[in-house]
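Chain naming follows the written order as A, B, C and D, and within any one chain the residues start at number 1.
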Amino acid sequence: MIEVLFFAQVRERLDCASLTVALPESGLDLDALQAQLIAEHGADWGDVLGQDNIIRAVNQTVAQGNPALRDGDEVAFYPPVTGG
Amino acid sequence: MIEVLFFAQVRERLDCASLTVALPESGLDLDALQAQLIAEHGADWGDVLGQDNIIRAVNQTVAQGNPALRDGDEVAFYPPVTGG
Amino acid sequence: MSEPRLSVRVQVEDFDPGALQDSLLAGAAGEGAVATFTGYVRRSNEGENIASMRLEHYPGMTEKSIAGIMAEAAGRWPLLAAAVVHRVGLLVPGERIVWVGVSSAHREAAFSACEFVMDYLKTSAPFWKKEVGPGGERWVSARASDDARAGRW
Amino acid sequence: MSEPRLSVRVQVEDFDPGALQDSLLAGAAGEGAVATFTGYVRRSNEGENIASMRLEHYPGMTEKSIAGIMAEAAGRWPLLAAAVVHRVGLLVPGERIVWVGVSSAHREAAFSACEFVMDYLKTSAPFWKKEVGPGGERWVSARASDDARAGRW
């Protein structure tokens, strides 16, 4: 299983804080996971997850490129940060 | 009268913290005051007050160039500062 | 030189900058320089009054990413200790929100590392601010100028 | 914007950084950012242990020149308040010697002004340190690197 988390505007617009995705036998990379979430949930999810400035983290580190995912990975989608 | 102050190494090497100098009718500028102090006190004072890095202040502001002095002025000679 | 002592705390509670500075020095009393930064909730933003603010974060990643930022700072500058405290939850204008303290034998290192950590807290640590004002709630927009500042390091 | 509140104190007594930060904000509670710097007496200098240190200054000019430095900072950056406390007299290693605090709505301004004031305290304010160590007393030499830092502003 892969744990998927959403934060801030992304969480609010999707009305979802977290969900789990089964890892298929054929494997899954980050782009494929994102496409699968949009395919399953529709155009609204496409609008939110498809934004240019969305940030993707795998195992609490910002993802570079399109890494392959492994069982037990934690993936997060969130908007630009505004702390400090 | 002009009040002349010495600080830190300058004060220790001259063994003098302050003295007063009468302002002559003909006037006095900062270079002339410095030359007069050396002339009156000898070569030791020349060694100390003649150092390249000595700082001269008039009325508690670092002097630029060779200002004319006025009655009641406060003049100070001191080494490079080391606070903070 | 021994490893610098690094600490990260994310908490709902307020904090005391003076006590934090004392803790920063604990065990290795003052040596040279301490630079600190304290951030406060603004009273207005883009002309609109702020009634309160809610801070959300990504538990786990927050602490991990800040620890990473501090370790990077410790690799760039000779630090003795560094600490970050960042609040989350509901905050009202004027309240303290973040504290960064850095101790070093050299003041340039203390200043630079403190500013470096703050720049990255603004641009990389997973915190999000939502302002609650007379006109309703709105998420604070990321400032391009913050990214530009972080990019200069 | 109203004039920033500026304050200078030269004193023999120790000071409390937390209380000073509170005073800096008094009357205009937290808004944006506070950057502070605290300097401590070093435990060694150029390899020699320091038993204690005596700080001399030029009463009157000290306060005047620091006030001038702060006014210059307030002209360069949008400050809400700034304060300097500098100790004189006999100090032992690890003791606090100087504190600079700057409050601004903008963190860049707070950091820059705080560092600017510290650089000028090191290079222009009439203080002199005399170290008292096992090998006797010696005046601390001015560091060329401090002048170079002050010159960059």
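In this text, contacts are C-beta pairs under 8 Å (C-beta built on N, C-alpha and C of every residue); 3 or more make two chains touch, one makes a residue touch a chain.
Here the structure is a predicted model, which means the values were calculated and not measured.
Trainee: What is the graph distance from subunit A to subunit D, where chains are linked when they touch?
Mentor: Each step joins two touching chains, and the minimum needed here is 2.
Trainee: Strictly by the touch rule at the top, which chains does subunit B share as contacts with subunit C?
Mentor: D
Trainee: Distance between subunit C and subunit D based on Cα centroids, please, to the nearest Å.
Mentor: One centre to the other, that is 23 Å.
Trainee: Measuring centre to centre with CA averages, how many angstrom lie between subunit A and subunit B?
Mentor: Chain centres of subunit A and subunit B, defined by C-alpha means, are spaced 73 Å apart.
Trainee: I'd like the Å distance between the centres of subunit B and subunit D, where a centre is the mean of that chain's Cα atoms.
Mentor: Roughly 27 Å separates the two chain centres.
Trainee: For subunit C, what residues touch not just one other chain but two or more?
Mentor: 39, 107, 118
Trainee: Indicate the residues of subunit B shared as contacts by at least two other chains.
Mentor: Residues 84.
Trainee: Could you list each pair of chains that touch, in label order?
Mentor: A-C, B-D, C-D
Trainee: Which residues of subunit A touch subunit C in the complex?
Mentor: Touch residues, subunit A against subunit C: 5, 7-9, 53, 57, 60-62, 76, 78-84.
Trainee: Quick check: in the complex, which residue numbers of subunit C touch subunit A?
Mentor: Contact set of subunit C toward subunit A: 39, 55-58, 60-61, 64-65, 86, 97-98, 118, 121-130, 139-143, 146.
Trainee: Contact residues on subunit C for subunit D in the complex?
Mentor: Contact set of subunit C toward subunit D: 16-19, 21, 29-43, 94-96, 105, 107-108, 110-111, 114-115, 118, 149.
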